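Below are two complexes that have subunit A in common, paired first with subunit B and then with subunit C.
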Partner chain A sequence: MSTLSKRKRIFLVIIVCITGIFQTGCAFKDINKRAFVAGIGIDPGEDDDEKYKVTLKIAIPIGSLKQAKGPTYSYLSYEGETIGESIRMLETHIDKTLEFGHAKILVINEKLLSDDLGQFMDYFTRRGDLQLIAWVAAGRPSAEQVLKTEPETESPASVALFNFFDDSGTESPYITTTFLFQFRRDFFAIGLDSVLPLVEASENGKELIINNSLVVKDKQDPLELTPVETKDYNSLASGMVGFSYKVKHGDLTLLLNIDTVKMNYKIITEQGSPPRVDMNVKMIGIIGESSTDLAFKNLKKYNEYASKAMEKKVVKLLTILQENELDPFGFGLRYRATRLSNKNTISKWNSMYPNLEFDVTVDVELKSTGAIE
Partner chain B sequence: MNRFFYYLILVNLITNIITPVPRILLQESKNGAVTSLIIAFIVGLFLTYVVATFFNKFPGKGLPELLKEYTPKWFSYPTLFYMSIMWYVAGLLTLITFTFLLLRYLTPQMSIYIVLTSFLLIAAYGVLMKTRSVLDSTEIILFLFIPIIVFLLIEAYRSPELNWDFVKVAMMHVNHLPGYNAFTASLYAFIGVANLVIFNRNFSMKQKFGLKQLMLIGATGAFILFTTYFIPIGFIGFDSIKDIIYPWISTTDSIRMRLGVIERVIYLFLISFLAIALASVIIHWHIAVQLFGSIIHIKRLNWKEKNLTHYLFVIIFLIVGVKLTTYLTEYQLIRYSIFFFNTLPILYALLLISMVAVKRGAKS
Partner chain C sequence: MTKKSQGEPTPPDLMVELAGKLKPSSDVQQIPLQIEEKQAFLLYLKTVVDGLQLQNIVIKPFFELSSERHFEAYVNSLPNKVKMPAKEELLIELTKGNVLLVIQDRFVLLDLRKVNSDTVLQTTIEPTIHGPQLALSESLETNINLIRQRYHDSSLKIETMQLSDQSHRSIAILYDEKVVKKSILKAVKKKLNQLDTPLVQSSGDFQLYLTDKKFTLFPNTIITERPDRIIYNLTGGKVVLLVDGSPHSIVLPVVFFDFLVSMEDVYHAFWIAKLTILLRYIALVICITLPGLYVAVTSYSPEVFRTELALTVAGSRIGVPYPSFIEVLFMLVFIELLTEASIRLPKAISATATTVGGLILGTAVTEAALASNIMIIVVSLVAISTFVIPVNEMSYSMRISRLFLLGYASLFGLAGVILGFLGIIIYLVNRESFGEPYLRIVAKNREEEAKGDNK
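Take a look at the complex of A and B:
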């Protein structure tokens, strides 16, 4: 500091003092004047005049974790014509500022998914403070009930619903994870449809079950995937793995514990032959459960059985999706991504997809029969 | 070359992400953005080479001195005046865009004047520093924030949610003719070398500038331009990207650090880019002040043996900055930015003409 002249030093001190004035903390609102929204739920309005019913799950601040006996949440609901309007009105129902920056889950009643979702999403992507890495899920029987479910395993100051999705609690190939930005991207994309997890709240309000998913397309009823289809979709599309690939051959039933799934495919359009998708799936794992005794040397045979069984399952899933004109794997997008763009690319694909053939090769590689033969 | 030379180019390349450049490019994604990018890359690299080798021949001298020495007054004064305005506007664009960003995403309830004042106070102090100090502070800022930015980019590239099929769809639109708006917007990324018009004063040693140096700049530039344009498409999607006003903010908001201290990368992004933007504003306005100072010198403004002309410029800069920031809407900002970028080729042409004129003058 000795090299600075006196005047400069005074100037610096003044600057430091002035900046201190601006440091008012949480942008002029203290943390105890804010209510943190943990989740947002949207249902169709019960009143005929109102379109939406918005439910907010609000975290109540607690002094310390030890004092809290159970989860501490409060819920607010309001019906209005638009989502924004309802949330504005909810601000008059609470003494604190609603803070949406920590809202991590968006539950949409499954009945709303056949509506015009574009308008719906507008509010959530237009306001900048809502995070785009919030999860989106469909709710059954209603978004409100899903949000209000407080499982007994929920620890204080945490939301059980988050643990399903954030890969730090339960990890299962049955659970689809969709972020808000992903949902928006896939929803508006041509040649790719979005998939949402379906969260079911049990009737006693103590359990959440997530093992189905919905394939959503604009202005169309969503297609519900069964748990097995959901699992197959998740393992193929995002490489999620786990303990539950059932293989039946004669009276032999195997349950595979797969730890790696790799999938790649090519869309082949040759003159003279119908367009087809060549899909290669590679699965590596071990046998987790068997109905009969296994022979260690027969691993190769089990590989074959498993490959065949998986092939059938994958083709079945792809065909179901194709029959419903849904494309969550993004074959259409891949088609556009591998051909130079022109005006007809999209319409060409749309007429091609219903007749697309699937040529699926699954290669299961079992490393062991588990701890016993 | 001198390491400060690379800093000038790097700051500009990085700042390009938070100016309206990505938005303008992505608007054209279905038309000719990819070809425009490629052409701008080649042209930008060529100009970088030409400008750098030219100033290399006159070590320690800025453009104002050279123009005054070798060209007639009727040419040098208007040229310098035009350039100084361009540099002022370049800084202003970064300033306004960033103020809007902070207001929208970091402090939505804060008054625009407070955001601006805190930004401008530091910028004003920076602008009035010695040229050498400007370079030094740029070095410190880059040194502190480049690691964070590199980390952010790695996070973006290895995010499982980045869908490369969208990126490829965008690439498949390479068969469209380039557009002027997209071309000039992407050319802006490469304007960093023009900062030599003043900063060459500090590069008094003759530098080596050959193929190796050019390739280094080319590789960095290509990577940053690629990232600027394609990464937002991978996160936001090709078909719905047109509606996004700040593509890069939405992109960083889509990156999640699962085990990071903070889950949302967006705040890291805003803070590190705030620093780089500040460095960019200081560099641009410093040049603007110096260029203005080279043509306007008010002798009566002396106070204790110090001439206050530069202070006067900075005060005018600040007033205009505050007025414009509070006046402009986002729509106008983008429209005027497009207009500004569209005039960049004129700036480059003028720079090339003055370089030829100086060379001729120096020969005779």
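Take a look at the complex of A and C:
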């Protein structure tokens, strides 16, 4: 090889190396060329021909966080036959790539919940970049309005809706938290119904209220739980604490601050007696407020009063659910799991559930009267 | 020797021959000593010999002692007397500062060298707070003295040999006979005997000649200036090489984790030492992976960030004209320039360089939207982490490794970072330092420990 060709070759290698430095992989897309979808809302189509209306809440990045007054969002809506189709079309409405990696909230109009949920849920569980740890919520009056609500307390570069659910902001037993994976699993599980938080947008578009929840069952109108029922459900099913219970006994009114709730139950089907659920609830807390002076030595008495009052509340919640043939606690699933399975198991349970008796024992353990004697 | 009865005495033939070879250097001194019946000849190079010592040890007694026989006996008992080398090496010995003395046809070589580089230096490369503050000197004998004075054990063996290159430098091999691994010692000696190098200047280039591979990224030996690190490694069974004229010693063999040991660890309480070691490993990971991670996460998988961070990063990149990896590359080159500049510049100016470069340029770059704020944080963090690695050579290696990871990240995203990291680990596992696995984890279970290294 002559020296010249060797030089040429070295020169070529250098050129290739230098140009190679400025190449990237195929999926390379700079972060400022992506539009971060913060939430997805689904409403029934306003146009009669179209089935769904998809709304995307897009968070706009802020250059200087210190000078920003609040978060800025942009909203995109499209009506289409399917959700996938609508999102594809929405990609043509924006100059940046839609990035679903941060779409952590999925708001479904409450009217859609009585529809065939399984079908449109499919899209979200299949899509790889949409994370299954997204939260699912029902929206009222519409998903679009819920997404478009921008609370005044929302700080720049943070999404208020996330703070409700991720326990880094407010923590309350009135707020039900349902993940997408959980919702889908509960939805398809036989003997268990899923519960969704209901997000209400105030009329002035400045406030979000989340304290109700909906028990959803396929092809059936959802049952709305009142805030108190939601709280009772959350504390029993997921042990959520940080709430107060009011107990009345004669003149005495006590407000209990409960910090631990433990619940377990057994389904008892014995020959000769009607099937029943034995539920034991243990609550530990202190007295937070009282109408009269309390004595520490009477703590046992207060425990009894509280236990009686609690039992009533729990039985009431269970009865409401039973009357509507809804089962968010998953009694049916437990029954199926603990009985010898055959093809009749579930139909047997379905006929048994409306007549099920609830035997609830609540054991309240108050640690103090809440005052120093 | 032919003697004339009177007038100038004639020096022996060998001495004339040697002097001829050394000419026309102006510092060659060939001095006849003569009084009455006594006669002797001196041959030496004036510039490398301590004249005062020569005067006191050789010349004065010559005139004081009564006869040549007395003088010869005196000279033979001098501690400066060196073993007579072969004729070919005599010239080298003379250039080292030895004095050739001829009495009564007998040749004697005396070591009266003058070394001006034997001041013990302050530690500059690996300073510690609690450890010894003095490093080595640039003279081999002083260095051996420093080490001997810290390690009084007869099992410490010091073998000196002379390199066959142009500089004919002396080197010393130090090891503790009780703990050194014989196979390594043998390998090192073999390597030293086979060395065929044109010129050795210092420990730095010498250690490169000791490695077989030409294209290496990670150092195969540790170069250290700290006597305490030398002792620490000697007791650990390692071999230490000292090169005359270099204030650094070479410690071998090494494993990767040796480069993350600072002598400070020995001087601190248990938990403090453990915390600083942990910090060092965190810094290591940061300095290798962070530039790559930044590119991979911002340009391939921003879902890894928290939403708030993703929005902030996206916001800080508004208006940055180049893709993230160019931005990183640009800033890394910038910080490398800054580091290089502050090393090369005189100490008085280097502070200015870092201020101008680091503070003013850094701010201006973000103001001009050439790089994002987050990028400046990333680059500064990387630079600081690099300085945490205690042994300088390893931090150089890390500076190159992270460019490699950056390349992988800009091609394959997060998976590329993992892949590249795996690649580095595979490369390290594949390496050996004088027969010892490079990425060997020191911790062993008791059974293995008992078995030892004898396979």
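In this section, the second predicted complex is superposed on the first by the 344 of 373 C-alpha atoms of A that agree within 3 Å, B and C clash if a C-alpha of one lies under 4 Å from a C-alpha of the other, contacts with A are read in each partner's own complex, and residues count from 1 in each chain.
Simple rule for what comes next: contacts are C-beta pairs under 8 Å (C-beta built on N, C-alpha and C of every residue); 3 or more make two chains touch, one makes a residue touch a chain.
For clarity, every value in this text was computed on a predicted model and none was experimentally measured.
Q: For the combined arrangement obtained by superposing on subunit A, do subunit B and subunit C clash, or do they fit?
A: Fit.
Q: So, A:Asp129: does it touch subunit B (first), subunit C (second), both, or neither?
A: A:Asp129 contacts both subunit B and subunit C.
Q: Can A:Thr19 be said to touch subunit B (first), subunit C (second), both, or neither?
A: first
Q: Let me test your reading of the model: by the given contact rule, A:Pro61 touches which partner, first (subunit B), second (subunit C), both or neither?
A: second
Q: According to the stated criteria, A:Arg34 is in contact with first (subunit B), second (subunit C), both, or neither; which is it?
A: A:Arg34: touches subunit C, not subunit B.
Q: Is A:Gln182 in contact with subunit B, with subunit C, with both, or with neither (first, second, both, neither)?
A: first
Q: For the superposed arrangement, tell me the lowest C-alpha distance between subunit B and subunit C in Å.
A: Closest C-alpha pair between subunit B and subunit C: 5 Å.
Q: Which parts of subunit A are touched by subunit B and by subunit C alike?
A: Residues 22, 27-29, 129, 131, which sit in both footprints.
Q: Given the complex with subunit A, which residues does subunit B contribute to the contact?
A: Where subunit B meets subunit A, its residues are 30, 104-105, 107-110, 114, 118, 121, 125, 160-161, 163, 165-169, 171-176, 235-240, 249-250, 253-256, 258, 263-264, 266.
Q: Flag every residue of subunit A that touches subunit B in the complex, lowest number first.
A: Result: residues 15, 18-19, 22, 27-29, 125, 128-129, 131-133, 166-168, 179, 181-182, 184-186, 188-190, 192, 238, 330, 333-334, 336-342 of subunit A touch subunit B.
Q: Taking the touch rule as given, give the residues of subunit A at its contact with subunit C in the complex, in rising order.
A: On the subunit A side, the touching residues are 21-25, 27-32, 34, 36, 38, 59, 61-65, 99, 101-102, 104, 129, 131, 157-159, 162.
Q: Spell out the part of subunit C that touches subunit A in their complex, as residue ranges.
A: Interface residues on subunit C, with respect to subunit A: 298-303, 307-308, 310-320, 323-326, 329, 407, 410-413, 416.
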